[in-house]
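Structure first, then comments.
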Amino acid sequence: MKLLFEESSQGRHLDLIPDCDTPEYRLSDDALRKRQARLPELSEVDLSRHYTQLAKQTHGVNDGFYPLGSCTMKYNPRIDEEMAGLEGFADIHPLQGQDSVQGSLEVIYRTKELLCEITGMDDMTLQPAAGAHGEYTGLLLIRKYHLDRGDTERVNIIVPDSAHGTNPASATMAGFKVINVPSNAEGGVDLDELRKVVGKDTAGLMLTNPNTLGLFDPNILEITKIIHEVGGLCYYDGANLNAIMGRVRPGDMGFDCIHLNLHKTFATPHGGGGPGSGPVGCKEFLRDYLPGKMTGKNENGYYLYTPAKTMGQVRSFYGNFLVVVKALTYILTLGKEGVKEASGKAVLNANYMKERLRKYYDVAYDTTCMHEFVLCLERLKKEKGVSAMDVAKASLDYGIHPPTMYFPLIVHEALMFEPTETESKEVIDEAVDVYVEIYEKAQSDPEYLHSAPHHCPITRPNETEAARNPILKYEWQD
Amino acid sequence: MGYVPDSALKQKEMLKVIGVDSVDDLYHQVPEEVRLKDLNIPEGKSELEVSRIMKGLAAKNVHYSSVFRGAGSYRHYIPAIVRGITSKEEFLTAYTPYQAEISQGVLQSIFEYQTQICELTGLDVSNASVYDGAVAAAEAIFMSLERNKNEAIIAGTINPETLEVIKTYCESRSVKLIVLEGEGYKTDIGELRKHLSEQTACFYVQSPNYYGVIEDVEKLAEAVHEYKARMIEGVNPISLGLLKTPGEMNVDIAVGEGQPLGMSLGFGGPYLGFMACTKELTRRLPGRIVGQTTDSQGNRCFVLTLQAREQHIRREKASSNICSNEALCAMTASVYLASMGPSGLEKVARSCLNNAHYLEQELAKLGFERVSKDEYFNEFVTTCPMDPAVLEKKLSEKEILMGLVLNDRILWCATELNDRNDIDGLIEAIKEVI
Amino acid sequence: MFKNPEELKYAKTHEWLKEEGDVCVVGLTDYAQDSLGDIVFVNLPAVDDEVKAGESFGDVESVKAVSDVFSPVTGKVVEINEEVVDNPALVNEDPYGAWLIKVAEVSEKDELIGSEEYAALCEEEH
């Protein structure tokens, strides 16, 4: 399909703003660009059709099942969008006087209170714009805490080998050295290995629980104790909170600070990659280090303040505020029972799907899972030459977004499924039937799967060529 | 009370297949002593009740009909087609386009966005976005670091929000920061030269700067390049409808806040950090990048590319940790630019310029004197002949948000929305107060 | 089967080494390029950089993986293969022709193995 620039026709335009009615002002020629930017020249109907075509070539949660592991692709309620679009939120300048933005500050304050209760934290910043941004912020909290106490030797952040790639990358950005610890045979943290690497140089541990295998680590209290005993802090990666919200809280498991992904657990849409929101919560003893522009409340109303020993700001203003509006709408809708019901159904759906699939595929760790589970297709690869990639690509032809492929790294030929709570039994049954059909195809006609998908807008792209000879923008033929 | 579709009966069927009695049984790995007894948040509510609560909160904000405040966030006209397109559920509810075969729509739109950012900035390569303009500036500094170049010089005239973020980022990576001092509203090249050295990795300047002034970017870049350091420019994308591009001024990396390109003020977000650079720096760009390739049938298609730079592959060795970005905001900017077209964007930029200069002229008549003589785009600083706090309060009562108070001065802003009628209204209102 | 020329020496981390007088030439083995898949980018040190035996001096990227390349010797980089930087596919096409770096002033060498022993190691890992 054509690019905007290829559809452009000279002189075509939309009448969007009136002619300027103030006197013409001329800047010196030296300040001006030599020629106009080559933006496309289109009519409104051109634009509308262009993007309608693009929408048809985009699979969202609203198009079908989206069991992309670790991403919590639950349904995004329309009311949340409507509330974020209210003029009283959307058209408010971030530098208005504080008495003129009491509604916005209350949104921030109430969201913070609700999320603190759900996670067992004492305070929270909503400034980070995404999960990785939250990790970075949380690690800076840990860094500030140690440095403020004159504890300059704590340079190591411990990360399990099953962790999201953002964990080690964030630790490096925050100025730490990363120490990887292996998993044990049950998929949890190997306690002996953990004991070996902790010490006076331990700044903290980053952990997600349930972990990326979808397993709740039963040794969690021992793990956080080991870290605390050597003076380190425990950081909770909230990517998988959807499994446990309303049932057990990171704060009660021994975590000192956390980040959440509002665009996962709290139903705000991913927008094709963002915007997200990655609030960071912490225990009382860390709150003075939180980023600037916190919201407080006193008898006169809500106000902005900067914590005493702040780490500084990680983003301008107050973060992705309109995403927070959506999350608050969602939490108010669910309420105390709804939150618990959501996590329970997410876990039920994952176990149900796993139970039905395990008759055909190998489960990496075949035990009760939380909100997601990982299949290991090594056997299928060896016996039939059919890879995790082949199975994933084949499911595209059935209108299913594939599970996360080749992650976590500790499972070979991994496929990670996260059905989420908003899918019904019927949808999951249909999806299982699809994966069974693909399994049978792998036995009878593996070649067919190597070249899948067969019914999508494109076939498999040549990614090698894309990386070897990058074409990163449209080139005009003139 | 939620979005769980299955009845208790159906859930029972599922539990039976799994072989357990209740959902609670699935949590048997959770230690008994930490299981939550009671979640202390309010009961769930219907959609109507929640919408009443949220509308009530929105009503507690003051919505101004007339805004003369910018300072990093700008109220512009947002064409109806922009929201129409970006609220399509396919775009709204998709994840990062990992599976190219069913994500060509998002991928192509990012490729188009990258092309438009390159056209606006006059540079070779753009990424798919970062969180906001301030983070884009910080990431650009990281892109410039070399093994033996670990100092970043920052103009003193940049947006203070951006400076705050740069400070945080640079401290954690032990980058030495030098912020240029000086009284003026424009960067003094002599002051820059005092600090340039072999250790300088980059110089970051914003133009138009925080005070609206157009900086001598070309001359500054020349000085910076003498030390083999990188020149980074923060730009207002609307100004590039008119002003000389970073590319034309030998800038290595251009960054900026993309909010003016079709995003609402939104009390500060979501916004859009855009980044563009010269070809030589391509692989140092953080975050997602979309590239063109062909599928196995030879058809043109688009994929996420150069991924081995990123955190999910490089882990602790990645140069940035960014994963989620601001994809939908990038699409918003792209639709905005496509709807404006080359002439429309220039018209918006010219209107901003003209309206701001008319505003300056009219304010001067009332004793608000501009404090600098340098050329500016659509923001400028004046004195204030009365107590600015009183003025702000009085104007607020008339639904006018005046310029931002900087101590005893005021930073004014005009966009295409502040036409003659709007400005005359402000002037009349001030006359009543003075 | 993978090609492992007899005249070369091999590191267990899958680099090969050829001695040309005082200069050591380092590249990736056939086994390494095969297990990495299509190589899309090669990240090499600069001329005059120091490399240390057993330590990473650069990395190679395939579409979805990145692998460190380790130096079998300690010394100073005197030349890098610009051709490979421009066209990383050469490593896949001709791993023993597409050398990566040349090292001089060699002060220390890792324990390297011969082609037969290396072939056995590849067999084991495969």
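The letters A, B and C name the chains in turn, as written, and every chain counts its residues from 1.
Following the convention adopted for this analysis, a contact is a pair of C-beta atoms (placed from the backbone, for glycine too) under 8 Å apart; a residue touches a chain by one contact, two chains touch by 3 or more.
Note that the structure is a prediction, hence the values are computed from the model and not measured.
Between A-C and A-B, more C-beta contact pairs join the chains of A-B. Compare each chain's C-alpha centroid with the centroid of every protein C-alpha atom shown, and the nearest one belongs to A.
Subunit B and subunit C have Cα centroids lying 43 Å from one another.
Centres computed as Cα averages put subunit A at a distance of 38 Å from subunit C. Distance between subunit A and subunit B, defined via averaged C-alpha coordinates, is recorded as 20 Å.
Shared interface positions of subunit A, i.e. residues touching 2 or more other chains, are given as 463, 467.
Residue positions 306-308, 313-314, 317 of subunit B are each in touch with at least two other chains.
Contacts with at least two other chains are made by residues 40-41, 61-64 of subunit C. Those residues of subunit C lying in contact with subunit A across their complex are 38, 40-41, 61-64, 88-89. Subunit B makes touch with subunit C in their complex at residues 283, 306-308, 313-314, 317.
Considering their complex, residues 406, 463-464, 467-468 of subunit A touch subunit C.
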